[in-house]
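Scrolling down, you'll hit the structures one after another.
Shared chain: chain A. Partners: chain B in the first complex, chain C in the second.
Let's turn to the complex of A and B:
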């Protein structure tokens, strides 16, 4: 059994065990908003912090674990950066959960400055949180650089970015998987450096009391956070480009000039898209707000258009035998479009003034995460399980796909509808002016129970098989 | 003197305590208490609110402390009531009669002020209103006066608290309170001070002009460092790529 198989199986087991717990935290929050439960505000915001950070953390790492595994098809992948990433992630998560559940750290997953210094009961919780961020940051940076080095040992930077295809040359050939992975890794490096700068500034204030500039801290937070969330979707897309054609019995995708152009454009503008989180910050220079709006359009649209076209062309008249993995990938792309559209609508300045503090925002990010990015990773996991155990999860296909997609759709719709009715986000209880929020919270909670049921079936199935890979008995 | 000191203490307490926790009063609904206005009209709070939002303030006609200075401050800061609003000044002192309140309004030159209304609340309804407003009152039997908050509260037409401002503050803040209650976006941002390590902007207090500062420049570190890392990796791994290329039989 290869070491990369084992560490990939370890990632899958860990992520799939944490996933239902994180969902459960979300359900408890929605039930509290629906007035079915009575959580204290502190408990609600602690749950919100844990739910958000766990979901982003596990699905970012799972998408990168999938890419690390598939990368060995093209280049030699060292296992130690992946393993170090795993160990430091575990350390980070333990510190984070201790800060949240023992120290009442409840900043929300954005941990916007200066909340980490105030939104906690125990003072050590701030230290634990900052150390957790440090551990995750170091682990993920080393992992990203490890993958980048693996690619650049074979491909030059220009080849990895498929610049030769941009000018119409066929050789040397850069597979789309290498192109997308490289643009994603290069996009993540500045995000992690932004996190380092942010962390240093947090520690300066924590240790010396010297205050930081709130605008600078917010810029750095979203530079890191938004870019990370954006890039994890692209890891999922890289996995899709690599695996999806084989499900339809078609040859692997080639890097056409328009594909190369789209992903190079993503690399160029993705790190400026986060500016749309700062539209409300009127002190931000105006030109930056325009850049934010333009980048919010330019970063996703070419990638979405190219990917959707490729996926639809692959499926069209392919006679594809649908099973869980291609279904996850296909529906993931479709919901990525819907969630992306919701995000782009919100990223338009005029709309943002109406929508940004409403449930529209969790509506769109749950759409492209729960029904997009998570499905890409579950697609990879299903494929991995079949590769290692020969089981294509056929018994699970109908119940899991139906429950997950039906439940997920109802769940995000409840967010969108409530957001359209101006129900605000990030509150534990709705005031009577927007009491419809409680009704939609209940609807959302009921639908997400379907998702949880599907996930529990799936976890039971996949974890058992991956555990065998992990302990080397497969 | 004692009244002044206790008043100042109350202001300080108000600013440091309740003022900082203003959010907890947001959208709290006031009880529909009966009102007896100085012009003889008998109504209720909700009926009164059918036609306008209000800026509600409370006072005692017997107060030898802060009530008069505070009402004069409101007069100076607001002048006539802002468009769409009525300033409703109610006595929280159960001993005050309609004529006491009318006399006080005359004394302060506010009896004929456009958009201002004065009145009393039947004594049995006062505690409910004060509790909802978070209005602190303590009777001092030695002085036979109340130690109390000074506050102005913005109430919408449904009887909800939209904003609450405690103590005598900058008049512009009071105007912002009204603008915000109308749904206008009121800008507020802490001015750069020397206590902040790396600022995004520097402000020239003499001229009011500003310029970008090193804090903003810090945002260039991530892309610049990433560029350097990518170039370094490209150069450092060049021999490895050449060696691989040689192994495949290409020209070295």
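Let's turn to the complex of A and C:
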């Protein structure tokens, strides 16, 4: 059994065991908002912080693990950066959970400066939280750089970015998987640098009391946070490009000039789209607000015209045999662009003026995460399970796909409808002026129970098979 | 665009996307291969035109320039601090000013431009204006060390609620203030 098989199986087992717990935290939050439960405010916001950090953490790392595994088809992948990423992630998560559940750390997953210094949190918990972010940051940076080095040992940077295809040359050939993975990894490097600067500035204030500039800190926070979440979607797309054509019995995708152009454009656009998080900070230079809207609207064009079109063209009249993996990828693409539609409507500054920090926002990000990015990773996991155990999860196909997609659709719709009624996000109880929020919270909680049921079935199935890979008995 | 218009557009777009995916999925049970590659160019051009028109129309409606060429009838100072807003027509520069302004009910004129100068004495907060009909009509962030200026004209009289929309700590949900427009 190869070491990369084992570490990939370890990632899958870990992520799948944490996933239902993170969903459960979300359900408890929605039930509290629906007045079915009575959690203390501190407990609610601790759950909110843990839910956000766990979901971002597990699905970012799972998408990285999938890409790391598939990358060995093209280049030699060292196992140690993946393993170091795993160990430091575990250390970070343990510190994080201690800070949240033992030290009442409750600032939300994005810990917007200077809230950590004003929250009713144990002093040690803030230190533990910052150290946990340091551990995650080091682990993920080394992992990202490890993959980049692996690619650049075989391809020059211009080849990895498929610039030769931009000018119409056929050789040397850069597979789309290499192109997308490279642009995604390159997109992450400055985001991690921003995170390091952010953490250092946090520590300076924590240790010396020297105040930081709130606008600078907010820019750093959202540059890092937005880019991380955006790029994990692109890792999922890289996986899709690599696996999806084979599900339809078609040859691998090729890097045509428009594919190369699209992903090089995405690399540039992803660095500036985060400005849309700061639209309501009127002191931010107005020119970057324009850039934020333009970048947010340009980004989906290549995504739709290239990726979505290619997936639809692959499926069209293909005689495809549907099973869980291609279904996850196909529906994942659909919800990815539906979530994207919700996002770009909110990325219009004039709309954001009335939608910012309402439930519209979790509406669109749950659509392209729970029903998009997570499905891309589950598609990879299902394929991996079949590769290693020969089981194509056929018994699970209809119940899991139906429960997950139906439940997920109802769950996100409740967010969108409530958001359009000005119900705010991130509150433990809805004030009287948005009392409809409680109703929609209950609807959301009921629907997400379907998702949880599907996930539990799936986890039971996939974890047992991946565990055998992990312990070497497969 | 009102919230209802945005929701309608979203649901319409979602329905179109879902129908296209459903139709393609149904077609996958056939095996008569047919290239749809020539369509890609038209999809790209269509998206470009759609995005161009949409952004072109909406970029000119930035809230940063609302009533920029009018002299505001009132200037209102707003300071956010965990977990209350102090709102006053006098500048709020220190803790004493903040304490004095807390709990005051400000009256604002209907149909005239008001400028809110919004800041924070501690963490980031939101300052969202909920109209008597229960929907947000405008908002801006309250950031420590900066003053965000929001100009707005209230066309409907009644009681408005300013609600914090940026998560600011354990009692965030209850952070609001009332003012009257008449």
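FYI, the second predicted complex is superposed on the first by the 473 of 474 C-alpha atoms of A that agree within 3 Å, B and C clash if a C-alpha of one lies under 4 Å from a C-alpha of the other, contacts with A are read in each partner's own complex, and residues count from 1 in each chain.
One rule holds in what follows: a residue touches a chain if its C-beta (ideal position, glycine included) is under 8 Å from a C-beta of that chain, and two chains touch if they have at least 3 such contacts.
Remember, predicted model here, so these are calculated numbers, not experimental data.
K.L.:
For the combined arrangement obtained by superposing on chain A, do chain B and chain C clash, or do they fit?
P.N.:
clash
K.L.:
Looking at A:55 after the superposition, I want to know if it touches chain B, chain C, both of them or none. Which is it: first, second, both, neither?
P.N.:
Touch partners of A:55: none, neither chain B nor chain C.
K.L.:
Would you sort A:433 into first (chain B), second (chain C), both or neither based on which partner it touches?
P.N.:
It touches chain B and chain C both.
K.L.:
For A:10, decide between first (touching chain B), second (touching chain C), both and neither.
P.N.:
neither
K.L.:
Examine A:152 and indicate which partner it touches, taking first as chain B and second as chain C; both and neither are also allowed.
P.N.:
first
K.L.:
If you stack the two complexes on chain A, which partner ends up touching A:313: first (chain B), second (chain C), both, or neither?
P.N.:
After superposition on chain A, A:313 lies in contact with chain C alone.
K.L.:
Tell me which of chain B and chain C touches more residues of chain A.
P.N.:
Between chain B and chain C, C touches the greater number of residues in chain A.
K.L.:
Could you say whether A:286 touches chain B, chain C, both of them, or neither, answering first, second, both or neither?
P.N.:
second
K.L.:
So in the superposed three-chain picture, is A:213 touching just chain B, just chain C, both, or none of them (first/second/both/neither)?
P.N.:
A:213 contacts both chain B and chain C.
K.L.:
Quick check for you: in the superposed arrangement, does A:186 touch first (chain B), second (chain C), both or neither?
P.N.:
A:186: touches chain B, not chain C.
K.L.:
Do any residues of chain A touch both chain B and chain C, and if so, which are they?
P.N.:
213-215, 282-283, 353, 431, 433
K.L.:
Name, in rising order, each residue of chain C that touches chain A in their complex.
P.N.:
1-4, 6-7, 9-10, 13-14, 17-18, 20-21, 24-25, 27-37, 39-40, 43-44, 47-48, 51, 54-55, 58-59, 61-64, 82, 122-124, 126, 128, 130, 134-141, 143-150, 161, 163, 165-174, 176
K.L.:
Across the complex, what residues on chain A touch chain B?
P.N.:
Going through chain A, the ones touching chain B are 145, 148-149, 152-157, 186, 189-191, 193-194, 197, 201, 204-205, 210-216, 219-220, 223, 271, 282-283, 285, 353, 431-433.
K.L.:
In their complex, what parts of chain B are in touch with chain A?
P.N.:
The touching residues are 26-27, 29, 158, 160, 185, 187, 189-190, 192, 195-201, 212, 215-216, 218-219, 221-223, 225-226, 229-231, 233-234, 237-238, 240-241, 244.
K.L.:
Going by the contact rule at the top, pick out the chain A residues touching chain C in the complex.
P.N.:
41-42, 45, 106, 108, 112-115, 118-120, 213-215, 218, 248, 258, 280-283, 286, 289-290, 293-294, 297-298, 300-301, 304-305, 309, 312-313, 315-320, 322, 330-331, 333-334, 337-338, 341-342, 345-346, 348-351, 353-358, 360, 416-417, 419-422, 424, 426-431, 433-434
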